[in-house]
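The following block contains the structure, expressed as C-alpha cells.
Naming follows writing order (A, B, C and D), and every chain is counted from residue 1.
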Amino acid sequence: MSSPVTLAKGPQAPRRGILRMVRNAFRSLHLPLDDGFAIAGLVIYAVFVLVALFAPQIATHDPTEILFTATFDLAADRRPGEDGFIMGTTSLGRDVFSQLVYGTQSALLIGITAAVMVALIGSIVGVVAGYFGGWTDTILMRLADIAFGIPFLPFVIVLAAFLEPSIWNVVIAMALILWRDTGRVIRSQVLTLRSRAYVEAARVSGSSDLKIILRHIAPNILPLSFLYGSIAIGWAILTEASISFLGFGDSSTISWGYMLQDAFASQALSKNAFYWFVPPGICIILIVSAGFFISRGYEKILFPKLGR
Amino acid sequence: MRSLIHATALTALLSAAGSIATAEPIRTIDLLSRPQAAQPSEFQFVQIIAQEWRKLGLDVNVRVMPFEQMADIVWFNRDAWDTTAWQMVGRPERSDPDEIVFNLFHTTTAADGFNFIGYLNPEYDAIVEQQRVTLDPDARQALIYQAQEILAADQPNMMLVHPESTYAFDNTVWNADTVVEQGGIGIRNTWTFIGIEPLGDQRDIILNSSDNVQAINPLYISGGVDSWVTELIWDRLMRIGPDGLPQPWAATGHEWLDETNIRVTLRDDMMWHDGVPVTVEDVKFSFEVAGSGEAPMYGPFVSNIASIETGDDNTITFTLTNPSASFLTSSLAKINLIPQHVWGPVIEGLSTADENAESYQEEMPIGSGPYRFERWATNEEIVLSSNTDHFAAPKADRWILRIVPNVEAALGMLRSGEINFLADFPGDPGVLTEAATADGDLTVVSTVDIGFRYIAFNHRRPPFDDPAFRRALSAAVDRNLIVGAAFRGFAQPSYSVVSPALPFWHNSGVDSMETGIEIAQRMLEEAGYTIVDGVLNYPDGVTETLPVE
Amino acid sequence: MKGLTAIGSRVLQTVFVLWAVVTILFLMFRLMPGNPMAAYIDPNFTLEQQEALMARFGLDRPLWEQYFIYLWNLLQGDLGESFFYREPVADRILSLLPNTLILTFSSLIIAYVFGILAGSYLAWKRGGLTEQIAIPLVLTTRAMPEFWLGMILLAIFSFWLGWFPAGGTRSPGAEFPTYFALYTSRDFLMHMTLPVLTLAIYSQGLPLLLMRSNMLDVMKEDFVTMARIKGLSSWTVVIRHAARNALLPVMTSFAISVGYQIQGNVVVETVFSWPGLGRELVRAVSIADYPLAQGAFLMIAVVVILMNLVADLLYALLDPRVNRE
Amino acid sequence: MEPLLSLRDLSIAYDVDGGTVTAVDGATFDVPRGVIVGLVGESGCGKTTLARSLTRVLADNARITGGQAFFDGQDIMALPERQMNALRWRKIAFIPQSAMNSLDPVYTIESQLAEVLCKRGGLTRARAHVRSEELFEMVGLERGRLRDYPHQFSGGMRQRVAIALALALNPKLIVADEPVTALDVIVQRQILDQLRDLQKELSVSVIIVTHDISVVAYVCDQVVVMYAGRVAETGAMRTTLTRPAHPYTMGLRNAFPDLKSAAGVLTPIEGAPPNLMHPPPGCRFAPRCPFAQARCTDSSPPLVQVDGDHLAACHRWQEADVLRPLAALTQTWAIDIGATEMGGAKS
C-alpha cells in the first residue's frame, strides 16, 4: 500500500507542489469568473501581460533608439509602413510600434505595483484600525482624514517635480495618499466581521490576534481589497499619463503617457499622425476599463444585491 | 554604422598597444539634460552625443532633470558635475558681444558668476578686458576675433548650434513687406510691432505666448515674454536696430565728449501716456533709480556710470568710471525711461520697506512708448493700444498677447484666425512651414539666433581640464547631425559663441571643424589616452583626482 | 442639540485636517531638493543679490521659525509673495479661482444632470440591450485620459469643424465691465464649451452609475411598491419617491466630486489655455515658485476639504434620518 | 347580500430561472361586507401574493394565470389598468407588513398622508390637513406628531400610521399584510383592537394576512387557511378553528400560542412546504400529513362543503371528528412522517 505512494512522491512531487501553489495563489485572487465583463477584463489583461513579457520579441526596435536611414538622415515622422516601420516613427525618430509594445511594460508595472501598494496599505490600515480599535483606530482614521484632504493630482505633480522624473513617483504618491479609500472601507468591513460569532469564539478560545486576523478576517476582506486594487490600476495609469502630459514624466522610460505627451508636443495632431496619438490612448482606455470591468466582477461577488 | 565598425577595429589596435601601461580608466561621465517634455531638442542632442561619446570608450550616463535641479548642481555646486547641456538665449542687448565673451569665460566670474565651467586663461582674460575699453570698432573687432580663436583652440565648451527662431504671421491680415526681420532675433520684435501694416479690417496684432507674463515693470528684468511688453510701453534712449547695432530712439543722437563722457540729446516731442511731457529730469531719474538698489537687476547696466548731468538744451551727459565700448548697447539701449512723477513717490516709499521696486506692479503702467497699457487678464491676455501721439506711432490699433500653453492649440488658433501672429512656437518648425505651404495665407520666417546651445565641460574635474580631451570630445560629433536630428534643420552649426547673426563680430575663420569618430579617436590617441578592454583610460601617469564636493 | 454637537465636532475635525495639510505642505515644499533661487540665475546676478533675495523671502531663517511665520501669516490670510511674479500669492490665486470654479461647477452640473437622468433611465431599462451597450461605454469614458479626450475634441470641434475657439475664456481683446458680464456672455459660453464638455464627459460616469444602482435598490424598497399600491401615478412613484431617495448619495457625491474635479482641472486648463488655478499650480511648481505653488495647492486642498465637509453636512440636511433629534 | 369580494379559481405564477412557480393555485373564497377575514398559512404559501394581487401590484416576474376576483361585482383581474388604478386606495387599501420600510423615509407623515389625500382623494391641502389630524386621532396618535418623520416613531406607532393611511380615503376593503408581525404581543393586541374597533365603526371589510393563527383567533370573523398555494379550509373563524376539518388547520392550531392566554406546549408541523416549481401530485399537504393515505398522493382533494360556509379540501374530511383528537397529541406530529409517507408516495 505504501510503496506506490512513495513512488508517486518521486520527482513529480515538487512540480505538483508548485502547480498546487500556483493554483492556490490563483484561487486566492477570487477571480470573478462568472461575470461577462470581468472575463473580458481578464482577457484584456492576459493579452497585455503577454505583450509585456514578450516585448523584446514583439518589438522591432529599441523604443528609445534614435533611428536613421541608410543615408544618415533622421528617420522621423515616417508614416505606418514607410521604410518598414509598422506604425511609423515619432518626430524624434523613434519607432512608434516598439514604444507601444514597451509601453505595456510600464503600464503594467505602474498599474500593478500601485494597485498592490494601495490594496496592501489600505488593507493593513483598515484591518489594524478596525480590529484593534481604540487609539490605534483613532490615529489611523485621522491620518485617513488628512489623506482625504490632500488633493491627489497636485500632490503627484509636486512630488514629480521635486524628485527626479520617474514612473515610480506616481506609485509613491498613490501609496502615500490613495490607501485612504481602501482603508476606510475595509475598516468598516472588519468592524462588522469582528462582531461575528466565529471571531468572538476564536477570541474567547484564546487564539492570537494575528491568527484571528489571518484565519478569519483576511479571507473575508480579500475581495474588497481586490476591488479597490483593480480600480487603483486604472488610477495609476491615468495619473502617470496626466503627469507625463504636464511635462513631469520620465522620458527615459517609455510609457503610453509619455508617448502621448511626445506626440502632442510634436504636433502630431497638426501632422494628422493618428497612428501616433490614437493607439496609446486606446491602450490606456482598454487597460483601465479592463480594471473597471474586473472591479465590477468583484462588486458582484461582494454585493450580489447590486448584481442586476 | 560605418563609424562603429571602425571604432571596434581601432579599439582592438589600441588595447593591444596600451595594455602594458599603468593607465587609470576614466570614470563614468555624467551628462545632464533637461526633460524631453520641456526641451525636446536638447534631450535629443544629448542622446546623440552620448551615443557618439560611448563609441570612444567613454561610459556616459545621461541624467535628465528639471532646470531647477540642473541649475542647482551646475550653478551652486560647481565641483559636482562633469558635463551638461546648456543654453544661452538671444536678447537684443546681447547684440554686443561683450556680455557673452566676458561673463562666460573671464576668471572673475568663475567663482560664482557665469563662468561656471571654471575656464581660467590669463591670455584670454587680457583680451576680453581690453575689448571692453576699446572704443574704436575695428580695433575692438580684431580683439573679439582673437578671443574667438582662442576659444576655438581651447574648446572650453562644445558649441553645437545657433537655433533658428521661427515665427509666422497671417499674410492676409498683415502686409508682409512691413514685417521687419531683426538680425539674431527674428520677426517678433518691436520694429515689426510698430511698423506692421494691416491690410483689411483686422487691425489688432493678436499674438501668442506659451508662457505667462510675470510682471509689467520697467525696473524688473523678469520673464522673456515680459520684455516684449515692456519694450513697447517704455521708451529707451536708444534701441537695437534690425541690424543689431544701437540706433537713436528717445535720443536724437549722442556724442562722445571724451573716452568717459558722453552727451545725449533727448527728443522734445515726447509725452508720458498720462499726458505729462518727458523731460531730461525723467531720464536722469530713470538711470539713477536703476542704480539705486531698488532695481537690482538693472544695477550692473549702470554701475559704470559715475555721474549724470542734465543740460538746458534737452541734453544729458553721462560720466563713466571706465571707458566702455558696449555702453550704447548695454546701458542706453537697456534702461527704460520712467516718469518721475509716477515713480518718485513709489521709490521713496520703497526705500524704507523690505521690498524693492521689482515687487511693485503699477495698476496702470505709464510709459512713453509706442503702445499704451490697457488691460491685463491674469494668465490669459494683455491688451495694449496704439499710442497715436508717439513719434513712431504703430500702424496697428491694438497689440493683444494671448497666453496659450498648448502648442497644438497655438497653431490651430493661427490657422483659424484667433491669433494672427505666431510669436512663440516651441513646437516642430517643420509643421509650421508645411502649414504655410498648405494654407498659403501664412508666412513663416526663420532667423538664426544670437543665442546658442552647447555642452559645457567642467574644467574643475579631470579629464575635462585637458584641452586635448575636450577637443576630441567636441570633434566626435558632427554638428550637421545635431542640426538635422535634433533641430529638424532649423538651426545652424555653431563654432563660436559670437553668432553669425552678428556679422560684424563673428569670426568666420573659426567656422569649421573636422568631425568624426576616427578623428576624435586619433586625437585621443595622440594625447596619450588609451583603450583597455573597451574602456577609455587616462594617459600614463595621470591619476584621477576629483575636487572635494 | 445632538445634531449641533455632531456638526460642531465635524467642523473641528475639518479644522484639524486643514492644519495638518498646511503643515504637510510647508514641510513638503521646504524639504524637497532643488534650490528655490535657481530660477534667478542671470549673468548679472551676484551672490549678494541672491542672498538678499533669500533674506527677503525669509529663507535664511531656521525652519521652525519659518513655519510659525508661515502659520501666523496664513491666519491673517497672507499666503506670502510669489518669487516669480513678485506679488501677493493670495491676490493672484483669488483672481484665478473664479475661472476654475466656474469650469468645475458648470461641468459638474451638466455631468450630474445628465448622469442622474441617464442613470435613472438605465435603471428603468435594466437588463436590456441599452444597458449592455451603455455600461461599458460609460466605464470607457472614465478610462480615457482627460487631456487625450480634450485634445481630440479640440482637433475635431475647433481645428477641423471650427465651431468653437481653441482656448482662453474670451475672444482676443474682448472687454467686459464685470466678471458677471463676462460669465454671462455668449463669447464666454463659446469658449467654455469644449473644456466643460471634456470635463463633463469624464465626470458623468460617477453620478450615472451611482444613480442607476441606487435607483435599482430603491425601486425594490417597500415604500415604492406602496406608492404604486396607493395608485399614485408612475411619475410620482419614480420621481417623488424612487428618485428622491436614490438622489441622496448622488447629491453628497456631488460635493466630493467638486473636490476631485478641481484637481483634475489642472490638465484640462492646460489643454484649453484656461487661466485657472490648476495651470498656475503646474507652472509654479515647474519654476519652483514655492509660495505660489504652496498657495495654489492650499487653495485646492481647502476646496477639497470644505467639500468633504459639505458632503457630510449635506447628507445630514437631505436625509432626515441623520442627526435630527 | 352579495359578498364584497369573491375569488374564483384565482391563479398567480412567477417566472423564475428554470421554470414557473404557481404561487397561488385556484384560490376560491368570499369576503363578505363588514367582516374581518384572516388569510392564514406558512410563509411561502402564497397568501402575500394573493393579497397583493388584489391591488394588482405584483412583482415584475409575476402574472395572473387564471380565475377571477369580483370586487363589488366587477372582475378586477380583467379591469383595464386605468380603471383598476381608480380602485386602488379609494376602494382597496393596503396595510403593509413593515411600516418602517413602507413609509418613505424622506417625507413627513403629514406629507405622505397629504399625498394620498390630495393626489388620490382630490382634497385641497387645507382639507387634507384637517383630515390628517382626524385620522391621527382615529388611530390614537397625537396630531402634533404629523410633522415627524417615519424614523421618529416606534414600531407600533408606525403601524398605526399605516392604518391611518389605509383609512384615509374610506376604502371598502383593507388588505393588511402581516400587520402586527414585527411587534411584541402587547402592542399586537393594541393594534388589533384598534383595527377591530375602526372596522366596526366604519363597517369596512378587512383581510388580515398572517402566519399566526392566534391573530386570526383574536380578531377575525372568517378564516381562509392556505397551504402551498391552495385554499385548504375556509369558514367562520370560530367553527373552523374549533372544529377544523383539514389536518393542516389542526396542525396550525397546535403551533401557535393563544393571544389571550399564553398557552402551554406548542407543536410545530414537521417538514417544509413543497417546492412549488415541482409540486407533489395529489394533496400538497400529504407529505407532511400524519393522516395521509394512498389516495391523498394520487389525487387532489376538491374543496367540499363541510357545513354551511365551512369548506375544506381534504379526502378524509368526513373523518375529521376522529382525527381531531389525534392531532391534538404532540406525538402524532413528532413521528417522522416524511420518511414513510414520502417513500410511499413516490413508489
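Everything that follows uses one rule, which is that a residue touches a chain if its C-beta (ideal position, glycine included) is under 8 Å from a C-beta of that chain, and two chains touch if they have at least 3 such contacts.
Predicted model, so just to flag it, every value in this text is computed and none were measured.
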{"item": "Pair joined by more contacting C-beta pairs (A-C or C-D)", "value": "A-C"}
{"item": "Most distant chain from subunit A, judged by the mean position of its C-alpha atoms", "value": "D"}
{"item": "Whole-Å separation of chain centres (CA-atom averages), subunit A against subunit C", "value": "25"}
{"item": "Inter-centroid spacing, subunit D versus subunit C (mean Cα positions, whole Å)", "value": "55"}
{"item": "Intercentroid distance (Cα basis), subunit B paired with subunit A, Å", "value": "45"}
{"item": "Distance between the centres, which are taken as Cα means, of subunit D and subunit B, whole angstrom", "value": "93"}
{"item": "Residue list for subunit D, restricted to those that touch at least two other chains", "value": "none"}
{"item": "Sites on subunit C at which at least two other chains make contact", "value": "33-34, 151, 154-155, 159, 270, 286, 288"}
{"item": "Subunit B residues counted as touching two or more neighbouring chains", "value": "38, 66, 69, 406, 408, 412"}
{"item": "For the subunit C and subunit B complex, residues of the former touching the latter", "value": "33-35, 38-39, 41-47, 49, 52, 56, 81, 84-87, 92, 95-96, 151, 154-155, 158-159, 162, 165-173, 175, 270-273, 275-276, 279-280, 283, 286-288"}
{"item": "In the complex, subunit D residues that touch subunit C", "value": "52, 55, 57, 85-90, 94, 96-98, 101-106, 115-116, 119-120, 149, 151-152"}
{"item": "Contacting residues of subunit A [partner subunit B, same complex]", "value": "64, 66, 68, 72-74, 76-77, 91-93, 161, 164-165, 244, 246-252, 261-262, 264-267, 269-271"}
{"item": "Subunit B to subunit C touching residues, read off their complex", "value": "38, 66-69, 71-72, 75-76, 99, 103-104, 109, 112-114, 204, 206, 212, 214-215, 217, 220-223, 296-297, 299-301, 354-355, 358-359, 361, 375, 377-381, 383, 398, 400, 402-406, 408-409, 412-413, 415-416, 418-419"}
{"item": "Subunit A-facing residues of subunit C, complex", "value": "13, 16-18, 20-21, 24, 28-29, 32-34, 126-127, 135-136, 139-140, 142-148, 151-152, 154-155, 159, 213, 216-217, 259, 262-264, 266-267, 270, 278, 281-282, 285-286, 288, 293, 296-297, 300-301, 304-305, 308"}
